[in-house]
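Going in written order, the chains are labelled A, B, C, D, E and F, and every chain counts its residues from 1.
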Amino acid sequence: MRIVLANPNATAAITEACATLARAAASPGTEIVPWTNAQGPPVVDSLYNDYRAGAALANGLVALDSEADAIVLAGFGNYGTGAVKEALRIPVLNMAEAAMAFATPLCHRFAIVTTSPRMIAYTEDVVQVFGFASRCVAVRAVPLPPIDAPEPPEDEIVDRLAAEAEIAHASTGADLIVLGGARLSPYAIALRQRTTMTVVEPVACGVAMAESLVRIGLSQSKIGKFASPPGYTPER
Amino acid sequence: MRIVLANPNATAAITEACATLARAAASPGTEIVPWTNAQGPPVVDSLYNDYRAGAALANGLVALDSEADAIVLAGFGNYGTGAVKEALRIPVLNMAEAAMAFATPLCHRFAIVTTSPRMIAYTEDVVQVFGFASRCVAVRAVPLPPIDAPEPPEDEIVDRLAAEAEIAHASTGADLIVLGGARLSPYAIALRQRTTMTVVEPVACGVAMAESLVRIGLSQSKIGKFASPPGYTPER
Amino acid sequence: MRIVLANPNATAAITEACATLARAAASPGTEIVPWTNAQGPPVVDSLYNDYRAGAALANGLVALDSEADAIVLAGFGNYGTGAVKEALRIPVLNMAEAAMAFATPLCHRFAIVTTSPRMIAYTEDVVQVFGFASRCVAVRAVPLPPIDAPEPPEDEIVDRLAAEAEIAHASTGADLIVLGGARLSPYAIALRQRTTMTVVEPVACGVAMAESLVRIGLSQSKIGKFASPPGYTPER
Amino acid sequence: MRIVLANPNATAAITEACATLARAAASPGTEIVPWTNAQGPPVVDSLYNDYRAGAALANGLVALDSEADAIVLAGFGNYGTGAVKEALRIPVLNMAEAAMAFATPLCHRFAIVTTSPRMIAYTEDVVQVFGFASRCVAVRAVPLPPIDAPEPPEDEIVDRLAAEAEIAHASTGADLIVLGGARLSPYAIALRQRTTMTVVEPVACGVAMAESLVRIGLSQSKIGKFASPPGYTPER
Amino acid sequence: MRIVLANPNATAAITEACATLARAAASPGTEIVPWTNAQGPPVVDSLYNDYRAGAALANGLVALDSEADAIVLAGFGNYGTGAVKEALRIPVLNMAEAAMAFATPLCHRFAIVTTSPRMIAYTEDVVQVFGFASRCVAVRAVPLPPIDAPEPPEDEIVDRLAAEAEIAHASTGADLIVLGGARLSPYAIALRQRTTMTVVEPVACGVAMAESLVRIGLSQSKIGKFASPPGYTPER
Amino acid sequence: MRIVLANPNATAAITEACATLARAAASPGTEIVPWTNAQGPPVVDSLYNDYRAGAALANGLVALDSEADAIVLAGFGNYGTGAVKEALRIPVLNMAEAAMAFATPLCHRFAIVTTSPRMIAYTEDVVQVFGFASRCVAVRAVPLPPIDAPEPPEDEIVDRLAAEAEIAHASTGADLIVLGGARLSPYAIALRQRTTMTVVEPVACGVAMAESLVRIGLSQSKIGKFASPPGYTPER
């Protein structure tokens, strides 16, 4: 099985980090094909960059419709997920919706940690759009520096993630935390050592759910919202 | 006062039709500056084209931040409305949200008519994203031909709009109808002769609300969801 | 254009203060006609006074149906708003619904500040009745003294309004504040100097939206909830 | 125990019909004291009359605070129920909220039948205000003639009530019907012979719940929404 | 009238304590018949014990369908309440739903106090299942020791209940508290001396509402969710 | 990997049919271990049997906590799913929640078909309990005969399933159908030939999601709702 792991932004280092997580999660026999949205912004840190990313993404991915079995969109946001589902026939999954689909049976309520205060509102809208608002009780932030600045030491980030998890648990009763950004995903393993909350890492969820869809023969319904665009002729 | 009326698609004929409606609705002294999203798709008839439109839109409009008093986005959809609000400091209003904001105090429940069955799901999501789901009881469609095909006679379209309005009223109790597409707006006057339902035409609402915002000194809040994108340097 | 600015309570000083705000917000050519609900209570500070105000209000305003172009109800409450919309054919707008209709496109979530702790529950119901509950995340209070007691110095009230705005922002993510009482409206300008949150002052919103409705030819739908009362013969 | 059965409208014949139902439902030892809102409208058939009724009601009932054990408001509407709860210390129950409180444990979903199409929107708002919207799936109408016109034969009204009940059951899955108007209450017994749906008659529910509140020593909370109005001095 | 007061757990001391409360709440002439779910768990302190209790409960109670007038389930949980309603024709009421049905007209918002932190999530689900989520703003806990350990002094428990009530009032605006566990019910009288919040004790509500249902001739609808199980032959 | 496929009812033929579907969906290397709830009812066709099934289920499965990698509950209902999650540490998934978790990213709105009209209300509650109510727009029924009666020919059942799918699509806009009962699962393949709607078969979803959870190391959170029951000592 061939799964394209599409990073919605143009930063190859993030693609690589996600590919590592994806390969660790994949079944034997699954090939993970990393793909970077070279025409997209360096990071999806705003609605503005969400749209820049999305427009390039659908165009870029459509060529893969016959060359892959499924596509996992490896960013915790919207950035045109529905547009990609429309444009392609193979299963397209956003890692955010996969993570929330996995979190739902595992908990009473979940919280999400995002990468900057300004992404809290954005993330709340993503939760609503993807249909999981009834189970998400909090979105909190562990701010990361700009993508081209040096990252703080892992310990510091994990400490702050654990602290936000505890605050969410104590103040809202959340019993599971979703890492709400591709840049946070690499800290999942270390975070699990530091908190009693269940930690959901979205890249793994996206890969696992995409494999499942392929294996059981499901894809997005093409008779409604995700029907192919009228007179669809993708740009080349 | 200078209000840019921005058509999110690339079809100049729609821009012109909207500009005519906008001028009819504007106060004396308001200049309506039509703007066509030349880099966008011919029509926003899918999520795919929504993203294509939106990415071009934010980029195209940002230059106008210092040259206009407000911007009205003259399409009944999302197409990156939040991205434009982020990127600009002057008030940015989507005509869909203006129409629903005006409809809310005027009715018990409203229905929306869109331009094709495939846009019903899309429009339901737009209603949710813009915060008016508790008052919208139905989205129905009067299918229009492709943008480059000849339009049916006005009478026929108005008949079908009136029929959909009556169905919405009888089956859901809606007492107000919102015309959910720029291509439907020119039929508002004729439709009002054919139905007892109140008919809300969004271009007029967008212009009127934008004028109001300018006059009373309000714009989108820049401390949360619509804060300027980090390190924002629009492409030129 | 003639807009009646109807104060639902009997306190002429509040009518005057609102009229000043209304005139500052009105377009050239709009005449603001202040009207005091002389048969109403001195202030709408309870459900009991809400009903006293409302019964007098509908009766008092019906005579104006042919003498004005629109009516703005200048109190942040319910007090029979629907009854007035039923009884009249000209557009009737409550300044609370106008304020929330304007706030919705400008923010992610808004908070309201009311004038006493006991009005918090009342205001939450008003938000629900007017259809804006999905965007309102908090109602907070800056208690004012009784209407016939001396008002504290402006600075003190503005300080407390700014403090409540900050608390709402920090604890709920609200990025816009609505002044939820006619007695608070005069502090809007000073408050804007003291907070980074967008401040929505309802009198201006009511006037602006009423002007818009008149200009674009809309009024409350008369085929449903706001149809004229059966066998309606207003008392004189 | 002394329970005042307060008809919110001025039509004594309705008071009497409700009193008959109330006495049939009351426990031995409970005295039903009928009270007619002589200053109110002949019938609450609009928001306008809702407010006229409510203002008179609170004023009229306040004298009974020390002379009764509880008050049942015998109209299926709002008409200032909260104002009466504020003004009095003894338990005040609207028969609509009592009926919905009893219906909730008895069914999956309930429907309400009201007395005219124009009261459907009104009734939907009443359901929301009283907190039962999650269980009410439909409001339908069996139109009655004006209060001063001759009533159709009982059989005809019961037939139409049964028909509406069946439509509600078939189209929405409702398994219980609430009679949504004091004028419909007398048909409950005959209706039960004609439908398999459980029929809830609100006067009986109001009396039974009021008796219960008195017996177990509960009344509306006076520390929040229903606290006594500030400086409360009812008119005499 | 004969009302069976069925304790869903196997602890006779709880049955007795509830019976005392029930008899104090009952009308003259009502016989309270205590019943202990001897096949159930000692206490319903988990979902696991909820199911153990419920399976035994429906089986045990079905024999009483012709020997009692109504059944009150005297535990604050779900434990198969719907199963018992299905299996019997006489009215079956869970004291939790009775308590919330009584609380709704008496307050703006209510809070529930349960007996351990782990029952908060459980109780939130109970509120949702029984249809009262729109009015319940908080579930808090006053932890009690295991059922076979010595109970702390009454004063201590009442102090902590009062403290939780105050926190709920201050942080969420709740103006009424529901005691969410049979083990908390005996503290209602003492708690009322210690808090200004209205305190709802569910056993009394269950008895009062059950009496009412019998008197006015209502029971759960048997044409939908609570229809008798197909081919129903209870085990003996 | 060893996955126990637990049929909540006692009918071995259903276990076998589900095991066939499960093996077809499983990855190479996954062992499907069928398990029949021999102490449960022959079919879960009521709330009464839901509780009978659930109590036996948790008790029966707890012994498998150390002998399997995950458990899939192969019935479309609730029947104590939370109790099993509490009692075990290995991942426990109900096939209904797995099906809805998979359906959510694949559609705009989904409909469920259940096996009898009386299970519609039951299924609506299941959807709510499992957290997917915002995406489920309809529950419809294709009635099956009692478990011990001869089944109609496959063609007839598939015809009726296709008809219900079309009605759901036309009347509610659902673009995906979930087969809401283990007895319907075997018709999935034939149904896909007869409808353009995407058909989700829950056994396959349950197996696929359970495999995923094991592979990526996730299980239900044990710090909240699903914490081990206090002093838990399962019956033997």
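One rule holds in what follows: a residue touches a chain if its C-beta (ideal position, glycine included) is under 8 Å from a C-beta of that chain, and two chains touch if they have at least 3 such contacts.
Because the structure is a prediction, the values reported are computed rather than measured.
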Going by the contact rule set out at the top, which chains touch both chain C and chain D? B, E
Going by the touch criterion stated earlier, list every chain that contacts chain B and also contacts chain F. A, D
Shortest walk length in steps over touching chains, chain A through to chain D: 2
Can you compute the centre-to-centre distance for chain D and chain F, using the mean CA position of each chain? Integer Å is fine. 43
Interchain centroid distance [CA atoms averaged], chain A/chain F, Å: 27
Separation of the C-alpha centres, chain E versus chain F, in whole Å, is 30
Sites on chain E at which at least two other chains make contact: 108-109, 121, 173, 175, 224-226
Taking the touch definition from the header, please name the shape of the chain graph: line, ring, star, complete or other. other
So the touching chain pairs work out to A-B, A-C, A-E, A-F, B-C, B-D, B-F, C-D, C-E, D-E, D-F, E-F
Mind listing the chain D positions that touch chain C in their complex? 45-52, 54-59, 80, 82-83, 85-87, 116, 118, 121-122, 125, 128-129, 146, 224-227, 229-232
Residues of chain A touching chain F in the complex: 25, 27, 91, 93-94, 97-98, 101-102, 104-109, 130-135, 169, 173-176, 196-198, 200-201, 204-205, 208-209, 211-213, 215-216, 218-226
Which of the residues in chain C come into contact with chain A in the complex? 108-109, 173, 175
Across the complex, what residues on chain D touch chain B? 120-121, 124
